[in-house]
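Consider the two complexes below, in which subunit A is the common component and subunit B and subunit C are the respective partners.
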Partner chain A sequence: MSSTLRSSLSTLWWVPRGLIFGLMAFFIFGPLFNLLLWTVAEKWYFPHTLPLQYGFSAWERVFAPRGGALDSLRNSLVVAVLTVAVSLALAVPAGYALARLKLPFRSLILLAFLIPQAFPNLTVYVNVARIFYEIRLNGTIPGVVLVHVSHGLVYAVWIATAAFSAIDVELEQAARSMGAGALRAFFDVSLPLAAPGLMASAIFVFLESLDEFTGSYFVGAPDVNMLPLLLYTAGSGGNYQTASITALLLLVPSLFFMLIVERFLKADVLSRVGR
Partner chain B sequence: MSRRVLGLFLVAPSLAVILFLFILPLCLSAVGAFRVDQAWGLGNFWKAFDLYTKDILFSAVIVGLSTVLIGVASVAIGGYLTLGTHPVAVAILRWLYRWPMFIPFIVVGQILRAFLAKNGMMNNVAVSLGLMTPLDATSFLDWRGIVIAFVWKQTPFVALLVAGAMASVNREGIEAAVNLGASRLRILFEIVLPQVTTTLAVGLILSFVTMMSVLSVPLMINAQSPTMLTADIAFRVNSYGDYGVANALGLISLVLAASVAWIYLRISLKEQA
Partner chain C sequence: MSEAGFLELTGIESAYGSTAVLKSIDLSVRHGEFVALLGSSGCGKTTLLRAIAGFVTPTAGTIRVGGYDVTQQPPDKRGMALMFQSYALWPHMTVADNIGYGLKLRGVSRAERAQKVAAMQALLGLEGLGERKPANLSGGQRQRVALGRALVIDPEILLLDEPLSNLDARIRLSVRHELRALQQRLGITAIHVTHDREEAMVMADRIVILDAGQIAQQGSPEEVYNKPASAFVAAFMGAENLLTLQGSVEGDRLVIAPGPANALGSVPLASRPLVSGAIEARFRPEAAQLFPVDAIPTLGPGMTFRGLVRSVSYPGGVWRHVVQLGDREVLADSLQAFAAGDQVALHVPAPSLFLFNSDANRIR
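What follows is the complex of A and B.
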């Protein structure tokens, strides 16, 4: 085969590739673009392909004091930050113990944190809501935080364990042999070295909490309004503008974290997750 | 204090959260399914099967079909990322496929509802490309919409796992097969895929369980009958306060999810024997 024929053949390969990548891009970015259009559409009805009029009046309505979005946004952020704080406070000691100390049934303990992800959780939340109702936690922020913690703990504990086991033991031993106590060695050596991994686990827990719908629906609603609940109510009421703006508010942190999480989650930690 | 006791002491608070906020309610739900008016019985199950047999089958078929499609798509993506020869094409695919991974289910429900509707963007583009007339446009907001939403959201996750496992397959075997003139499709199915089946199965089982418990997608895309069990459970609780039937339906979906894991275990044990 001559080299010109070969090169034109390899150019020809871009036709099926372009077709498949084009279709994939349409199905991935089409819905996202459609969402963006809805957030700025003033008037849009059948059979028009594009909105008839653009504007930001829906944004004004959503962010007006009585629009509910600010309230939900604040609740969502408060719950997510508290969930991260509680999860890390639980996961840092647990991760350190699982990585460094000899524990009986270590792999069973690790597996236990996976249980909330490995069972259909809808009826669990239904029953949690019942228990919380009796101890007056239903419809409160601490109640929602507890539900989110139970769900996000697998990321927090698994990644924290991986982060601590990726640290060279000799660094801790060096600190100890120079006279540092166990706590001092932990806070001055191990914790700073594990910080990027712990940051990654905080990001995962934050996203899980921000996006969680089922638990918030049963335990939080209608007293604690959160962004996913606002999105659901607006969407089922046929208010596509409000629903799309809320969806965008949830979408931006998700995509942003997807782009930066690889910076915190290095291969040496990633390869140890779940071990 | 011995290291062992200290370790358990440090792990105990996290385990307590899982125990009291997940395992205990899970047990309560299993027990509650058998309680009818302060007595033990199977009444909730008869009622569940009586009212929702169609939805039980519907859920199993929808989630099963989605799982198969996710498996096919993620093997195709992972295979191309591992065996693709053109670096630019591989880079484009690597950049493209991950976008939906972190998008929450509730947002997926909303954006696909707008995209797949009768006058949504998908039909509009097909009409303006001349592929069909406006009269042929149909809404995809039924079982197809749910399947599309599940595949859209879960494929990147499984593809990421599969591509990672494929990348660690020994390159020498692949290169030897290339030198012997084997086609890339054959290399994928006969050399690469057999070495990543465990990862693929784990990804698919996790996706299956996730899809069995997603409430937002069926609520947003198709809450009319027939619908998914999750929508029925929410309806029983919110409209009737009927925890018995809701717990029975939850146990049924648990059995469906467990049977998939059991089939996988049987197959993998048979292979090892």
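What follows is the complex of A and C.
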């Protein structure tokens, strides 16, 4: 009697659970589905639930030479790759030092990388744009890269620090004891072992750079146009097809890399982020 | 030792913050000698090993290898190989790569490297495991890979940081002898850090007992076992039974005053540096002999105490008794079991009775 009651109760328990999962799926996939529909909608207006006509004419417009999407895509990718390169070049030594050396004010240094995010972006980037204008960095790829690096360094340094802290010092000492110099031990032992964490930090920086709008707008536009700017222009102009296609272009690498990050970032590294 | 040692430590000091970890350590190790650094945790033995290896810079003193001062040399320039307690195998390299790393650094050609690694694998019974990653090895196999990695570069000095403490008790016993035999065969100078008294006894030519950053005693296993220089060493080497007696030096004998558990007695002084006063007597459970109080045979020199058996257990081989002597309880082994509540006589032969003046060298 009681067992049948319990089993029916546990069946009942699936009702709220199913509802919650259903709602979550709706909130995540609903907008995505809408976005996908818009990319192939030729004609779609109120009060129709679904597009009246499907087609790829929006894609042709976006990817036409005059559409600017290819330019923006190229700019975005070039900037993102350069941002990753510069961030890692700074974050690898910085992260190693923060993880290994007994630095005074270590947590303060780690916190300092958050400063670019701590103030309203607009204020910061308007001033950055003014300074860059004076030193002729405004409207150049290096200028945008610098802005993105200042933004992405917090992820790069924090994750790199965590990745290096997760490596047992004795593994490096063992290499030293076998006759490897400090640099050799770093390249043979520390770097390969930190590689998954560094890879994850590179992906984060890449995605941040791809997504970044405010800095790109103030420092890059109108000479260097990026994908988010294209999205903004299209969206504000009511051109949902172009906006959706641009959004899709931004979304695909994000989803792809997130899957990779999830494989690379192990719990032992994650547990040390920010410590 | 008339000739200067191969490894020569003079006045090594080290401090962690304001706490002194090592206090003026002098140690001389001959070529091919196996020295065990023995001590409880926190005595500074690992710090000393790391100072020799070059991972800890001593605040004072010099380290010489074959006459050369290496005190300021980095670890990779010292010609030593350290085997870590954690083994510190590189998880991203295969067994063969782990073992061959030191050879690769020395520019040994790929073919020669493969041949030497294979020979080392054969020596250590690791055949067929070359392509495995350390994560897929058992504890004993990892230990042997770590040993092989250290041995393959033919180090002048092999440093072992508790290399056996992560092994199963059963494997540990056989590995002790294997490691010792290997060291003797290869003629390597070895410094072995351990907190396991028996391990040090079985493996080492010489045992150096460290206590609070100082060398409490050094000598052959028989010496430190049978002639402990201090109450600390006696206790550390297993003489945990402690009695406090009153003694006075009379000629070449120490006369012991009657106490709650003993009558007037005396033992030969036998070059023990004792003075009259309170005496700390220590002995091992296996050194004690138990007799029924009404049937005490004629005994050689030593002390006889009277007491009450509190409890009996059988750890194997002999019966272990908890015997109350006055206000103290001691452990005593006997082939013959006594029942709890029996009155017994407990005799400790003079050579096995370690006597120290109570005020000097108090056990911490």
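In this section, the second predicted complex is superposed on the first by the 274 of 275 C-alpha atoms of A that agree within 3 Å, B and C clash if a C-alpha of one lies under 4 Å from a C-alpha of the other, contacts with A are read in each partner's own complex, and residues count from 1 in each chain.
Convention: a contact is a pair of C-beta atoms (placed from the backbone, for glycine too) under 8 Å apart; a residue touches a chain by one contact, two chains touch by 3 or more.
None of the values given here were measured: they were computed from a predicted structure.
**Student:** Put the two structures on top of each other at subunit A: do subunit B and subunit C fit, or clash?
**Tutor:** fit
**Student:** Regarding the shared-chain residue A:Leu146, is it in contact with subunit B (first), subunit C (second), both, or neither?
**Tutor:** After superposition on chain A, A:Leu146 lies in contact with subunit B alone.
**Student:** Here's one for you: vertex at subunit A, rays to subunit B and subunit C, all C-alpha centres; what's the angle to the nearest 10 degrees?
**Tutor:** Superposed on A, the angle at subunit A reads 100 degrees.
**Student:** Determine, under the contact definition given at the top, whether A:Thr11 touches first (subunit B), second (subunit C), both, or neither.
**Tutor:** Touch partners of A:Thr11: none, neither subunit B nor subunit C.
**Student:** Where does A:Phe29 make contact in the superposed view: on subunit B (first), on subunit C (second), on both, or on neither?
**Tutor:** It touches subunit B, and subunit C stays clear.
**Student:** Touch check for A:Gly235: first (subunit B), second (subunit C), both, or neither?
**Tutor:** In the superposition, A:Gly235 touches subunit B alone.
**Student:** By residue count, is subunit A touched more by subunit B or by subunit C?
**Tutor:** Higher number of touched subunit A residues: B.
**Student:** In the overlay, answer first, second, both or neither for which of subunit B and subunit C A:Ser3 touches.
**Tutor:** The answer is neither, since A:Ser3 touches no partner chain.
**Student:** On the overlay, how many Å separate the closest CA atoms of subunit B and subunit C?
**Tutor:** 13
**Student:** Along subunit A, where are the residues that touch subunit C in the complex?
**Tutor:** It is residues 168, 170-171, 173-182, 184, 188-189, 192-193 of subunit A that touch subunit C.
**Student:** Which stretch or stretches of subunit B touch subunit A in the complex?
**Tutor:** 3-4, 6-8, 10-11, 13-15, 17-18, 21-26, 28-29, 32, 86, 89, 92-93, 96-107, 109-115, 118-122, 124-125, 127-128, 134, 152, 206, 209-210, 212-216, 219-220, 230, 233-234, 237, 243, 246-247, 249-251, 253-254, 257
**Student:** Under the definition above, what is the set of subunit C residues touching subunit A in their complex?
**Tutor:** On the subunit C side, the touching residues are 53-55, 74-76, 80-82, 84, 86, 88-92, 101-102, 105-106, 149-150, 153, 159.
**Student:** So in the complex, the part of subunit A that touches subunit B is made up of which residues?
**Tutor:** 10, 13-14, 17, 21, 24-35, 38, 45-47, 49, 90-91, 93-94, 96-98, 101-104, 109, 112-113, 115-128, 130-131, 146-147, 149-150, 153, 157, 207, 210-211, 213-214, 217-218, 228, 231-232, 235-236, 240, 243-244, 247, 250-251, 254-255, 257-258
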